[in-house]
Amino acid sequence: MTAVAERVESSAKTRITHKVFLVRELGILVALVLLIGITAITNPRFLSAQSVKDLLLGSTILAILATGQAIVVITRNVDLSVGSVLGLSAFLTGTLFLDHPGLPIPVVVLAGAALGAVCGAVNGALIAAARVPALVVTLGTLYVFRGIDYQWAKGKQINAADIPAAFLHLGTRTVLGVPVLTVFAVVVVLCAGYFLKSYRSGRELYAIGSDPTAARLSGIAVGRRVFAAFVASGALAGLAGVLYVARFGTLDANAGNGQELNVVAAVVVGGVAIFGGSGSVYGAALGAMLLTTIGSALPVLGTTPFWQRASVGALILAAIGLDRALSVRVAKQLGGAK
Amino acid sequence: EDETPSSTSSGGTGGGGIKSGLKVAFLPKQVNNPYFDTSDNKGGKVAVEEFKGVYSETGPSEASPSAQVSYINTLSQQGTNVIAVSANDKDAICGALKEARTAGAKVVTYDSDTKPECRDLFINQATSEGIAKVQIKLISDAIGPDGGEIAILSATANATNQNAWIEMMKQELAKPEYSKLKLVDTVYGDDDDQKSFQEAQGLLAKRPNLKGIISPTTVGVAAAGRYLSGSTYKGKVQLTGLGTPNQMRAYVKDGTVKAFALWNPADLGYLAAWAGAALASGLITGKEGDKFTAGKLGEFTVGKDATVLLGDPFTFKSDNIDQFNF
Amino acid sequence: MTGKVRALGTWDVVVLVALVLVVVIGASTIDGVASPRFWRFVTLEVIPIAIIALPMTLVVITGEIDLSVASVLGLTCAVMGDLWARGVTSLPLLVVLCLLLGAVAGAVNGLFVTVFGLPSLAVTIGTLALYRGLAYVALGDRAISDYPSSWTDSAVSAIPGLTIPWFILVVAALAVLFGVILHATPIGRGLYAMGNNAEAARFAGVAVARTKFWLFVATGTMASLAGVFWTFRFASARADNGNGLELAVVAAVLLGGVSIFGGRGGMIGVIGAVVLLSTLRNALQLAYVPANTLTIVTGSLLIASVVGPNVVGMARERLRRRRPA
Amino acid sequence: MTGPLLALDGVSKSFGAVAALRDVRLELHAGEAHALVGENGAGKSTLVKILAGAHAPDAGTLTLDGEPLVFAGPADARAAGIAVIYQEPTLFPDLSVAENIFMGRQPLRGLRRIDAAEMRRRTAELFTRLGVHLDPDRPARGLSIADQQLVEIAKALSFDARVLVMDEPTAALSGVEVERLFAVARSLRDNGAAVLFISHRFDEVFALCQRITVMRDGQWVSTDLAGELTVDRVVRRMVGREVSSLFPKQDTEVREARLQLRNLTRAGVFEDVSFTVHSGEIVALAGLVGAGRSEVIRAVFGIDRYDSGQVIVEGRELGKGSPRAAIAAGLALVPEDRRQQGLVMELSVERNATLPRRWSLASLGLLFGAAERREARTWAERLQVKASRLSDPVSTLSGGNQQKVVLAKWLSTEPRVLIVDEPTRGIDVGTKAEVHRLLSSLAKDGVAVLMVSSELPEVLGMADRVLVMHEGRLAADIPRTEADEESVMLAATGQVSA
């Protein structure tokens, strides 16, 4: 008489859906490999040691920003202030070197990340305590932090000559052909990814993004978790600011200006749902790599500068379209709507 | 006139005939830009203090013509006597400048000009020919007699002065002595450090035979220098352009860059302030042949199209760069 | 609840009161704010932002967003410049072609959002880059500025007897149109419903996808109208025209009390916010407040606009709770 | 008898002007199942949310084992051993079913990492205990309401709670699943837990509970042993008056065909469904949960597309995929999930009630609040919607009153074909009778009514004809005279075919 028995879901079917989930990140990876492959065939120099190093270095800062952004987006929030936080922290880094030339590098790195964390805490506190939409608050702090940066810098510029050579070498040195900065980024991404996957508080971030009301009812400290996510995003933006100095050497108060939309684009291209609850920082980091690689490959492929911007836009659309097509297939597999 | 850009010798007569209390406002393309910080706050401000005027600097935080218009409107309402402006667009701010002039302000453009009819004077840091000539000469010297492919890393695609220089460089390259140099590419770093850096990187990835880069913008040349000095192309691909000594010192020292050029931005702002004051005091009207004294820089003559020329660009090399600090 | 402060039209009042305060305090303490010229400049600045903010209000109320508007504006300027340079000299033809272009650009956004079901934030970040890129493709590094001065002058010429440009009347008419659609038509009811719960709206017979599609078309068209105005106002068509304007528009819409999650907000608040932001900025500029401080003020205002009502709401709730029942 | 395990005393709670609870008391004893009954809006869910720590009471005390307790949030209540199944499922659609169950309490291994394998194993165990056939790894997105409810139940069980609170857990479940749930609840109870059970189905109340508390208008009315009560007495206390026949279906003459389905098929969901509903007729669509009934009517109404077949309304074929067209053709659909599909929660009662009629209420294309208010007031009075102000968001209404707003919304369109999906889910007895009377009188006025219902008594009492679905196919078409519990169940479980 058990009529429900027919509704058992075959485990084979589930395994397929698991695979498709994996494909989300895999898809970006494939796109990345394809892009690099095609470009390399057109111009083999694209795979020269120097060029590969440039590619990796180029993605590093965006990948770190995207990791922080992904953490926030997973909780159904967004942090538009990352570009400004990067600018502030980069300027702090430069100023520290300028005013205290003897300062050990780790102290400076920590100071940059700490400043970022403070900015993130401001965002997080406003959002969590006053329960207001993150997009509005961080659009506001985008202006505020940048304004503070301008006010502080007052048109000053910090040049490579002001920064200790040892620190600048961080930006160029490689370990087994991989730039040190990239190693840094990979460690950050892996740690963040593992934390989100394997720790209760990490999973709670997904829960919050999936349904904030349900999260509150299940006893999750929503405010505290969201606050923490913003602090993390801020700290990573701060870290990115420090790395920015190591990489570019020259900087003024405009560092990171306009980065926010690139970061959000990287996260979205990386398969993190903009309405929270799903996606991974690995995907976001890959999305950042893909975007940077597009930026580097287009000139190599001979695209005129005027077409490059348009192509980036078209590729962003293509990437999110593809991701959508994949997730629709997953949904179909599950026999559910939407 | 002194040959070096930071001329301090030939002392002018000071504020002779200049009205005191003139309100002089500097409106750069963008505040927070170190180049304009030098020209306005280290040059213009000094001049205004010398002739006992009231100095101010104002402007948008991003280099867009529409934002500049809003500031021009404000300045004209504030009863400013002299507006010294570096135009983000040669046409877009014309309407606002006209209204400001109707309201009684004298308009001096510096660094980047508008259409001649929109302003009273243009303070030209160097002629386009002069800039183009020196850049091509520098890159040719750096690359050597065999020549090869070169590329330009410019600022924004719409920058008036950049495009004028690029045009002149092409004419210069047509000369027989540069027949071995071939301009293969022009890319735009948008005067953004990061973007310029990536464009430099893209150039080298794309052009295996590239021998030299000219970047006629301070942001671009610094970014390209930074990229080259940290890459395997250091010393193999030559770089020159318009840069400031402080930004470029490290790259000249480490051999990435042999020589580059620039005028003294502080002198540019200084001259613009004096020229504006002379206009506002009725000493000159801006017609060709008018003469006025610009403090320590001495006497200048208004040339064709109401233009005043600061001088020739100055070339910085490893043996003279340490004498400068800006 | 906290939403109430923003919901019941009270936010409109807050914005309008703030505007009046800024005007009164500005006029009495800052030289020039009371002058007709000041208002001419403010109006000129308000026009393009308001034109785009009108349809954007509707879009955000349905829970979507269009970040590509400034790029559509730039693309319009570029294409218009290019057409002019190629010898298309009929003004009506140019305007019609440009509006059509904007409509197509909006339709592409709408297609991605409604047919493919992609989030509009992501789509329009993509088309933000795409349209701006196409603007560069169309115009490259050229700046087209040789429009007849009769065109460029007429765009900014004043209403006879006043200093205010006549074009504001067009904007006012459009504002009434969009305001009525939002607040006093069945379409408007549908917009609020789908902004709050698209599924329930669909069950109630609201054509969610179709409405959103046309809203994106409207936004594109209005953005290109703003582009036409921009071209004439600045007498210069460049590929980078209006760069970054999208954030100014979104900031005004949000400050005007529209919820970023959709379903809440009104037209009066948005128009008040557009005027408030421009007035405040110009007044502070006149008072020699530097650009950097203005940036901070704009940001703080935006934050205050959402934090303020919520804090008031929470305080009220706490007071109520403390009073013995 | 020992003291109560959990006790509430003098609890009050108001939302703005609405006093949801006034001076309420409740005592739950270990090893006892306790029912809480009352009309819609009586304050039952509010009480539950106070027990769960989701609402802070304005006044009153809460004691557990004689110790006074103050909950700062749901986490505190959980920590105190109180497990709650809310009236509306609170799942995370993006997370796996297993994670949904163990969120915040996932089993750990070294370095405080989550032990996913163990979590999966325990989920499977719980599902076996409940007889649920779901893959622990599948995401919660796409689960039917019934499955969602089952996951909620599994979640509550996983606590090994001392107090289990269930707010209408059975509203979406069919007989088999209800039986399983009760078996589990009984074993918990017998192991010393206290169970608080809320339901509008009295058979369930009496089958499970030893003690019954009745609430009315936010106030405590009575608490008695179940054995000392009868359904009639409970109802009288709840409603404050006598409630007559629950299923007053009057026979009406059946007229012309209004709605016809011809071989409607949607691959993998339903197949080859054909039937006709006539004017003046109430046709029930019965079947087990997941048989595909809702899917069929969604397709009819244009919410979902279908692959082949035809929908014919009054002789004219209805286009696919357009609810607007369906409404224009005279169809109305009261959907099964009122929170997601039936109502726009943040909009006011009046805006919700008039949403489908907004075009016809407009004059010259313009629509002003007055017209909507008038219309909404009429219908709110007719259906006795209990709301403090019609301009308040519909989210502030109790579940049952929300359901009435959905009904008002569709009845106001004066439909020619009314489709109702679980029309009385979560509705109290008084209102249920009201709804049934309403459906019946609509049918009498010539409306064709198609009713999806999982409540067999409702199906049998109301329907002129019973269609039974089994696994996406029409399994039987039983006239009123032949329809009884056995014939319907046999068809629903696939043991006879039409």
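The letters A, B, C and D name the chains in turn, as written, and every chain counts its residues from 1.
The criterion applied here is as follows: a contact is a pair of C-beta atoms (placed from the backbone, for glycine too) under 8 Å apart; a residue touches a chain by one contact, two chains touch by 3 or more.
Quick caveat: nothing in here was measured; it's all calculated off a predicted structure.
Under the touch definition stated at the top, subunit B and subunit D share these contacting partners: A, C.
Counting hops only between chains that touch, subunit A reaches subunit B in a minimum of 1.
Each of C-D and A-C has its own count of C-beta contacts, and the greater count is at A-C.
Our note on geometry: subunit A versus subunit D, Cα centroid distance of 42 Å, whole angstroms. Centre-to-centre, using mean CA coordinates, subunit A is 29 Å away from subunit C. Between the Cα centres of subunit B and subunit C there is a gap of 36 Å.
Counting partner chains per residue, subunit A has residues 146, 150, 273, 305-306 touching two or more of them. Shared interface positions of subunit C, defined as residues touching 2 or more other chains, are 136, 140, 244, 291-292, 295. Among the residues of subunit B, those touching two or more other chains are numbered 31-32, 61-62, 157, 188.
Listed by label, the pairs of touching chains are A-B, A-C, A-D, B-C, C-D. Across the complex, subunit B meets subunit A through its residues 31-34, 36-37, 41, 61-62, 157, 186-188, 192-194, 197-199, 201-206, 208, 222-223, 226, 229-233, 246-247, 249-251. Only residues 3, 180, 184-186, 188-190, 192-193, 196-197, 199-207, 263-264, 321, 325 of subunit C touch subunit D when the two sit together in their complex. Residue ranges of subunit A in contact with subunit B, taken from their complex: 43, 45-46, 48-51, 54, 58, 146, 150, 153-157, 159-161, 168, 171-172, 244, 248-255, 257, 295-296, 298-300, 302, 305-306.
Listing the residues of subunit A that touch subunit C in their complex gives 126, 130-133, 135-137, 139-148, 150-151, 258, 261, 264-265, 268, 273-275, 305-314, 316-317, 320-321, 324, 328.
Within the complex, the subunit C residues that touch subunit A are 2, 67, 112, 116-119, 121-123, 125-134, 136-137, 140, 244, 247, 250-251, 254, 259-261, 291-296, 298-303, 305-307, 310-311, 314.
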